[in-house]
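Down below is the structure, laid out as C-alpha cells.
Letters A, B, C and D mark the chains in the order given here, with residues in each chain numbered from 1 onward.
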C-alpha cells in the first residue's frame, strides 16, 4: 500500500479548532453517528482518536479535533444540536472544548522549585497554552521566582491546627481565580476528600516514585534502602485514597549502587518535572479520559 | 469526565475479525462514509485508528478492525459493495484483510541466528500468527536449527558470479511457496531493485544500527570507532536505495567506553531481535502504512 | 588532558585470567596493599573496579581481573600467599576465581519457556561461559526443548503434600550435579529458607514486576488493574522473605491503555528474559557483590 | 559473599577532597605506585575508578578522589612530590584538582533559552558547583533572563563580515573572565580551529541530534523528513571538524508519525538540556577523559 506525499497548504483558519470528547457504553453506530453529525455541519476533522475497552464490549472513548472555520453554525449551536440529535441515543458523557480557550491552572507548591519553575517556563515559552492566575504555597520561599514570571503568588502557611482552615482558604482562592485545573507541583500537603470533590479528575499530583512502588512518604529514601536499580515518578489525578488515583503518566531513570540518597533525589527531579509537564499538557489538550480508576490517554 | 467500568462479556465469536485498511487524499466525509457503511452492514468495530497528515490537508489513513460475526453479507460481498459504494468517491487505496488468514512469511538469513531463532520461537509459541513455509540462507549453517522447528530450510549459496542467478532462484522459491512477506533476518546480501519490485513494501530488513547513523557495512565497528554512547537497530522496508527504506521501528541500548567492539555486537543482538519482531508483528497485523518514504504505524 | 590511542597487540595468553574479589570494612591502605601484592607477583591487571560505601567510611569492595600468564607462582600458591600476607591485616572476605573455570548452573523452571530458552541459547551461542548440568521442572512440558540442547531434564512434580519432599529431591539433584548457581527461570514454587541457606547469594530469581511494585502473585494482572504506564522485571537473589532479596538488575517497558492483560504478559516476557540474562552474566563474571540487602554491581 | 552494612559516620572534613587524574601508556605497577603514594601521605580514598583500554595493553586512565583532611603535606607539596616520585616512571599525563575550587564556566548562546536556563537553574540550585562569570550571545534576546540570575550578559552580534572579529572579541572576554570551560548552550555559530585550540577539550557543545546521524544544520527537519522513530541529542567536545568531536553523552526520546517537525523540536529540547547538563556536570567533576577522538567517562 504505497501513498503519495500530498502536502496541500492549509487555508488560514483564524477560527481555530474545537474538540469533541465523548465516552459512553460501547455499541455499534457511535462513530457513524458522530462523524456524520460533524460532516453534515462542515466540521473538518484534524485529528481523531477512539478506543473501545474490553474489545468492543466495554466503554467507548472518542476525541475528535476539528476546524471551526467551515462550520455551518456557531459552536454553541453545534453543542445544542449534538445534545438534541446525537448524545441521547447513546447516553453519552460528552463535551465540546474550544482549543483557543486557555484553561486556567492554579499551582500548589511547597519548598521544591523544580516542577513549579519547569511549568512556569513552558508556559512563558508558549509550550503550555494555559493561564496561570495563581500560585499558592504553604511556604513563602518561592515568591521571588514566581513573581519574576509576573504570576501572583499567595503564601498560605499551615499547621496541624490550621490545616482545615488553610485548605478552605486555598479552595476559596482557586474559586475566586476561576481555576479549571489544580496542579500539585510537589505540594507536600494531603488534600481532603472534600477538596478533591470540588475538582473531580481536575487535580493533578506528581508523586516522586514509580507507583505503586514507594507510595507514601520519603520514596527516595526507601528506594535507596531497598537498593532498586531504577527510580521513577508518577503523575496521577488526586483522589481520596492517597497515591491511588488514576495514573496519567510515569517515567523512570536508571540508578546504581554508586548513587547516594541525595543522588536519587537529584536524578528524580529530572523525571518528576518532565512527567508532570507531560501530564499537564495532555490534560489541557483533552487527551486524558478517566476510566474507572485508570486513564485512557490519546497521545 | 468520569466513566463507569462496564465490562460486558463478549459473545463467542468464532467468525473472527477483519480489518479495513484505507488511505486516500484527505477531505471531509471520509470517516462518516466508511463508518456508516460498516455500521449498516452490521460490522461491530473492535479497534479503530486514523491519521491525517499535514493537519488534515495531506493524506488520510484509517485502520478499522471489526467482527465478522454480525455482518449481513459475506466478507467477499462486503468488499464488492465497498468497491462500488465508498471507494470511488474518495479515490481510495484500500483493502480488507481477514485476521484469521495467516500471512505466509519467507525468511532470508545468512550466518547470524539470533533474529531468525527469535522469529521461529515467537511463531511456535503462537505470538506471531503466521505461516513460515520456507527459510532460505546463503550458508548451510543454520539448517539444523530451522529444521528442528519443522520448517523447510533451503541453502542457496552465492558468489559474485552467481549473484543474479541465486537471487532469481530465491525469488522462484518464494513464489512457489506463495510468500506474502519477506523478512531479511540478518541476510547479508543486497537485494536488487528487480527483486524488491516483486514485493513492494513487503520486504522487511533489520539494519544493525540506529539509521541514518552508520548506514552500510560494519555499523558496530564504526560505532565503536566513533565512541557513541548509545547503539541501536532499525527495521525498515527494503528499497532500491540501501538502508534508505521507510523506517518501521527503531530502538537503542546504552553502551560505554568499557564496551569492546564485541560487546557492542552482543548488546546489539538484543535490540535487533526485538526491533525486528515488533516490525514483523505490526506488519502482519496491518498496522503499518507506507507514506512516501516514511511510515504511519498504528500501535 | 589529551590521550594518544596506543593499541599494542596483547601477547597470546593461553593462561587466561583470574579475578581477585575482596570486600572488607573500609580503611586506608587496602588498594595499596592489594595492588602491590598483585604487582610483585607479576599479575597484569586487565580490569579493576572498586567501591567505597558511605563515602569511604563504610564497606570496601574490589574486583581485579588479571592475567595468569605473568604470575611468578601458580594461582593456588598466590591464594595461599594472599591468605597469609594481605587478607588478615584487613579482615577481608575474599576469593580468587579463575575465569576459565565455567560455573555449573542448575536451572529451575515451571511452564513458561521464554527465560529458560533464552539462557540455553546464550549458553549454546557461547555468550554465557557456563556449564548447565541439569534443568529441573515441576512439569514435564519443556523436556523436549531442553533435551534438544543436549541438556539433561528432570521432572520433579510437586503437590501441597509433597512440597518438602520434592524440594529435598531438587536439592539432592543440584548437589549431585555440583551446581554453583541456581537460576529460577520462572519457577513458580517458593523455596524454603532451608533450601536457600544451601546457596547463599547463589540463587537468582526473576520476578515479573518492577519490585517492590506488585510483589507476590499475578503481578501483570495487578499492573493491568492499577493502570500503570510502565511494567518491568526484577532479577534478585532469593532470600527467605519472598521478593525481598538483594536486587541485581531491573528493567522496564512502556505500556498503554490499549494493552490488555495478555499484552502485558507478552511485553513482560521481553524484559524478563533480558533482565535475567544480564543478572546471570554479571553473577558468573563475579561482578555482583552482596552488601546487606543490596548489591554492588561492577558493570 | 555476604557483607555487613557498616555505616560509620564520617568525621567533619572541612578540608574537602581532591582528585588525582592520571593517564599514561598501560603497564604493570601503576596502581600499586599511585595507591602506595597516596596511602603513605595519608590520603583517604573516597572514590576511585580506573580503566585499561585494549584489555590492559592500551592506555591507562585513573581517577582517585581523596580527603585532604589527613594529608601529611599541603596539596601543593603533594603535587611536587608526585611530580618527582611517581609521574616520571610512567610518563604520566596527570593533574590534581581540588574539588572545592569551583571551575569558571563561560556560556555561549544564541536564541534558544532552554539549555541556558537549565544550566543557570542548576547552578543557582547548587547542583552545579561552578562560577558563571559571563554569558555571551550573538543576540540580545536573553539578556533579561540571564541578568535576573545576577549573571553578566554580553551581547556580541555577528555578521559574515565581522565573524572573525567577533570571535576574537568573544575569546578576549573569556580570557578576561578567566574561564576554565566554555559551554555552547545552543550557540549557532561555528567556532574556528584557532578558537578551539585555546580551550582543548574544554569547549562542550550540544548538538540537537543523535550523532553521527544528522550532523550539520537542521537536524530535526531532516529527522522529520527521514521519518525516524527516535530522536536524540549529543554533548561533545568541540573540535575543528564540526560535530566530529569526542562524544561525552547522548540520549534519545521516542517519536511517532503523529509528531510534526515542531513536536520534534519540542521533544528534542528535553533531551538537549538534560544531556548537556550531564556532560557539564561530569566534566567539572573531572569524570571525563579524552582518549583520541573518544571519551572515557567515569560515572
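Here is the rule we go by: a contact is a pair of C-beta atoms (placed from the backbone, for glycine too) under 8 Å apart; a residue touches a chain by one contact, two chains touch by 3 or more.
All values reported here derive from a predicted model rather than from experimental measurement.
> Since subunit A and subunit B are copies of the same chain sequence, what is the angle of the rotation superposing the Cα atoms of one on the other, rounded to the nearest 5°?
Angle of rotation between the two copies: 180 degrees.
> Tell me whether subunit A and subunit D, two copies of the same sequence, contact each other through the same residue numbers or different ones, using over half shared as the line for same.
Same residues, largely: of all residue numbers at this interface, over half are found in both copies.
> So which has more C-beta pairs touching, B-C or C-D?
Higher contact count goes to C-D.
> Nearest whole angstrom, what separates the Cα centre of subunit B from the Cα centre of subunit C?
From the centre of subunit B to the centre of subunit C is 36 Å.
> Hunt down the residues of subunit D that sit against at least two other chains at once, touch-wise.
51, 53, 55, 258, 291, 299
> Line, ring, star, complete or other: which describes how these chains touch one another?
Graph shape, chains as nodes and touching pairs as edges: complete.
> In the complex of these two chains, what residues of subunit B are touching subunit D?
51, 53, 55, 210-214, 226-230, 232, 246-252, 256-258, 260, 291, 293-297, 299
> Would you mind writing out the residues of subunit C in touch with subunit B in their complex?
Touching subunit B from subunit C are residues 113-114, 117, 121, 125, 127, 148, 258, 266, 270, 274, 299.
> Can you name the residues of subunit A that touch subunit B in the complex?
Contact set of subunit A toward subunit B: 1-10, 21, 23, 25-26, 28-29, 31-32, 35-36, 38-40, 42-59, 61, 67, 70, 93, 95, 200-201, 289-292.
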